[in-house]
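Inspection log for the structure reproduced underneath, given as structure tokens.
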Amino acid sequence: MASSKPRIIIVGGGLAGLAGAIKIAESGLDVDLFSMVPVKRSHSVCAQGGINACNKVARQQGYSEWMHFDETVYGGDFLNHQPPVYDMANMAPKIIDLLDRMGVPFNRTSEGERDLRLFGGSLFKRTHFAGATTGQQLMYALDEQARRWEVQGKVTKYEFWEFLWPVVDEQGACRGIIAQDMRTMQIRAFRGDAVIMATGGNGLIFGKSTNSVICTGGAAARCYQAGAWLGNPEFIQVHPTAIPGEDKCRLMSESARGEGGRVWVPRKKGDTRPPGQIPEAERWYFLEEKYPKYGNLVPRDIATREIFFACRDGLGIGGGRMVYLDCTHLPDATKHKLAGIFEIYEKFTGDDPCHVAMKIFPAVHYTMGGLYTSFEPKPDFKGMVPGHPKNMMTNVPGLYAFGEVNYQYHGGNRLGANALLSCIFDGLFCGPSAVQYVQDQKSPAADLPESLYQKFAQQEETKARKLIESNGTFNPYTLHRQLGDVMTDYCTVVREENGLRTAAEHVDRLRDQFRALKLSDTGMWTNQSLSFTRALGDMLVYAQAILAGASLRKESRGAHYRSDFTERNDAQFLKTTVAKYDKAKDRPVIEFEAVPTPLIQPRARTYGKVDA
Amino acid sequence: MSADASPNAQAPQPSLLAQNHFLLRRLHSLSGIVPIGVFLIFHLFTNFQMLVGNFQHEVEFIHNMPALIYIEILGLWLPIGFHAVLGIAYTLGSNPNSIQYPYMDNWRYTLQRVTGILAFLFIFVHGAKLRWGFTFGGYLDTPFYLHGPHGEPLATASTAIALQHAFPWVLVGYVVGVYACVYHWANGLWTAAISWGLTLSVAAQRRWGVFCVGLGLALAVFSAGAIYKAATYPVADQQREMIRLMEAGRTLPAAPHDKVLELPLPAEEAHEAAP
Amino acid sequence: MTAPANTKNIRFKIKRQDGPGKASYWQTFDVPYKPNLNVISCLQYIAEHPVTVAGEKSTPVVWDCNCLEEVCGACTMVINGKVRQSCSALLDELLKETPGGMVTLEPMTKFPVVRDLWVDRSRMFNALKTIQAWVPIDGTHDLGEGPKESAENQDVRYSLSRCMTCGCCLEACPQFLLGNQFIGAQAISQARYFNLHGTGKVLADQRLDAMMGPGGITDCGNAQNCVKVCPKEIPLTESIAAIGRQATVHAVKRFFNGPPRK
């Protein structure tokens, strides 16, 4: 198994993982790519609206990379580290060009140029898109390029393999991973000279979210328990517009509003008329009224809260927890651009959004926080030193975090259509950092003693056996539902001390119950219950960090809104929440680390709100 | 970039069949359309003459073509054999599922395979019987003569005897066989336009479909006319007797050519026999 | 649509198989009716309550899924005899198909079963390698924009690019069988997709060569089931015709020009 050629392990085959794999393979190193699903099915396919970048048209209207940078930091309520965001905004146009060359079918203008749409948090059209399934289209382009490298033997895919644990050597450096084949259930160690986590978000902690079923945050939680820190775990984006469902909430893209969709509720409480019969004067377009400048395109945290409050005040449709997202008035050509999401809405609800206003409600969508990473800033803080091994490395040497699992870029709130960008940026810009790290290493992972790897593999075997053999009474699926309910109730749109404490106690109780559970499938062939249950254990650990961060951050910033501390408090909390796992106490330890603001100073974040 | 060398570059040399896979498939398609299909049109059109034209004349024209046997072998029997052997091989490699997915196009697909086999059986029996004189152990002993020893017109009468033999099973066999051929060809013409890439869009396929249905219906009408005529044609005793004697290998009593014409023929036959 | 009483159960008859090469067997489960259920949420219920109608303790049914919003392509299965995505298979619709109130779930039959409803679709991903389903870019360096493209061409390419490798087209295809070589509508349509791109078409000849051997484009039997079961309404039959045309032209060129120079 041991080959002396350096290899890099990438865990996760979404946009960040694939972009990294392509960049690293291109640099000459071999990549082992691990994914719980065929990489083409990664959660990145769910992104709909688009990808932001300064472009020729917007530039001539006064837009610039700097403004993109500023919007991102303003949108993130100044919690973002500025040098990486600066780089991201600057590289964005080049990323679009690259994707364009890879064949992404970006929508076109009549002249054959890439078309643009408006998106949240900006007054300029700077979002490139492919219909309303941009994430899928970008994913496929990168998947194709990765397949090309796979055919040449530079990328080896391990699909349906689940990451279980990072292999950390005596010096504390990451030297490989333990993974399990989800079909044969074989657990084995893989040597890697660097390991890149690109495992996405943790929506499943909240039960029903817009995330895919593999987005448990389990992989990040395992790294956290192995010694990696979490950054800003309490920052969870709740997307304003989703279709509530029995199994998940389905995203209804911000592009619906970017293309002119309007959010409203009936002015009369409990109005039971069908939306089409409610006259214009009796509709309350509350976003447009409160935020005349940005209208329906205020950042997501704000839109979500306004929708949430409207429903709390009894103004939801029929008094319930839904508001209208109306696209019926849009011209046909615009509707065509949104066909991808309209089709989803119609399939799942039976109503055609072209003729009937959609009914939507906020749902957990994106994990701004994640594994804590660092970077090497340039002396003037305008960007990072390219290729520096520190860029996006966690506190564990050799362990990197790319994409959504990385806490960088989005601060307290992510702007729409910045996620695809940050994922690809991480892979392309920071992939070379991992390569540099590997080239700097004196002792390759291939030369390490087998015993190191066996020790970790054994540890995972034991854990798996313990779960299989656990003979208690609790059902893991039931525990998960309870976790989701309690996290959604107390730790999403509006948070406050008592609720957070209730939730924390509940999660502690769930962790106790987790130790006394019983799997209904104890076989050793394609045992999905084992995989799910193991992830549940890690979700509970992650949930504790989220709750601890949310409880200690006694202010409101971005997506983190405290009803007991409604104002932003820069003096105390313009800081990164760093969650460290205390192994002895089996609890998170929260520390705060100042966020420097070298390029953009914090300012009030109102988005031109008028007090109605 | 060398990166894009075909991933199969290291594969062993494929078999001759595999190497010519595309050619064989396209020839299969072509053989069905041009030689077989064109012959089918001529044949059914000629048969239709029984009802509205000079059948005897048409048939004799065909039979008097120079080097007929070579035209037949090269233009008909070889293509049919080729088309049939490949077609059956392809059919064996398919798994029709029209019950599970009862879309019209899927039924069309399944029917194409069924009619292909039916048409092949029919053509074999039909050709063997009427062209090569097989009797199939006496079960299908239906002699076919174009004319008597002195040029007496027997085309229609012979056809009628062949069709009316073992009534109604032969008739049923003819109806099924002929319509299988018609369907198989018309549908094959439709799908060939997709396979060869002539009809790209769904709209083009629909329009070409209308044409193929029209063509199929026209051939169906021709066939129906001929079958109707042959099934209802009253064979005169003299004609039957003449064929019986010819079949028995006995020469007919010598008679002047015009004598034969004095046989009490049905009106249509008389018209046919007129110069 | 009338809402049935709260107590109503939906019966699921599920074809199970413990592993490759093992015998398959049927199990039935009841799931309490709620409005707006889909097959996934019922399977999730069964995972939490794996007890058959007969009261036997069983195991959670194994199935492949991920996004649950019909964009990842994972959760394909045969539902009431017809192949589709289980996330977008809504119970209220399914119950209309089966007046008895029974829903049957089976794994796809054209791919080897891993366990229960989970099948191994690596053949589809391998087909993408065979047809070189990528744009051969020079590298990731900054080389400016891609080729300009008309809105019409983008519209066609976008419709093809929505293929999520779910396998519905192949499952319903009477020409695509477990043991044979046919590449199927998915890969044929992808070949068209890349041949439509300014840079992607550089490999068009190689794609067509791959597409003209055994199991290639000519093995299509024009049953056109693919286009009817495609959940993304991809114009698969148009792709088949387009690649048919390209192959015809390519073959004629090859005939006159001889084999490519190595």
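Note that the chains take the letters A, B and C in the order they are written out, and that residue 1 is the start of every chain.
Just so it is clear, a contact is a pair of C-beta atoms (placed from the backbone, for glycine too) under 8 Å apart; a residue touches a chain by one contact, two chains touch by 3 or more.
Just so you know, these numbers come straight off a predicted model, no measurement behind them.
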Central subunit by CA centre of mass proxy: C
Chain separated most widely from chain C, comparing mean CA positions: B
Interchain centroid distance [CA atoms averaged], chain B/chain C, Å: 40
Chain A and chain B: spacing of chain centres that average the CA atoms, whole Å: 67
Distance from chain C to chain A - Cα centre to Cα centre, in angstrom: 27
Residues of chain A engaged with two or more neighbouring chains: 148, 151
Shared-contact residues (touching 2 or more other chains) in chain C: 129, 132, 136
Residues of chain B whose C-beta touches two or more other chains: 3-4, 7
Residues of chain C defined as touching chain A within the complex: 18-19, 34, 36-38, 40-41, 44, 47-48, 50, 57-60, 62, 65-74, 87-88, 90, 114-115, 118, 121, 125, 128-129, 132-137, 139-140, 142-146, 148-151, 153-154, 157-158, 161-162, 164-165, 194, 197, 199-200
In the complex with chain C, residue positions of chain A that touch it: 22-23, 26, 37-38, 40-43, 45-46, 94, 97-98, 100-103, 105-110, 112-113, 130-131, 133, 136-137, 140-141, 144-145, 147-148, 150-151, 183, 212-214, 245-248, 250-251, 340, 344, 347-349, 428, 475, 477-478, 481, 520-521, 523, 525-526, 528-529
Residue ranges of chain B touching chain C (in the complex, touch as defined): 1, 3-4, 6-8, 14, 17-18, 21-23, 25-26, 90, 93-97, 100-101, 103, 105-106, 108-110, 112, 191, 194-202, 205
Complex contact set, residues of chain C against chain B: 81-82, 129-130, 132, 136, 138, 172, 174-175, 177, 180, 203, 206, 209-210, 212-214, 216, 218-225, 228-229, 235, 237-238, 240-249, 251
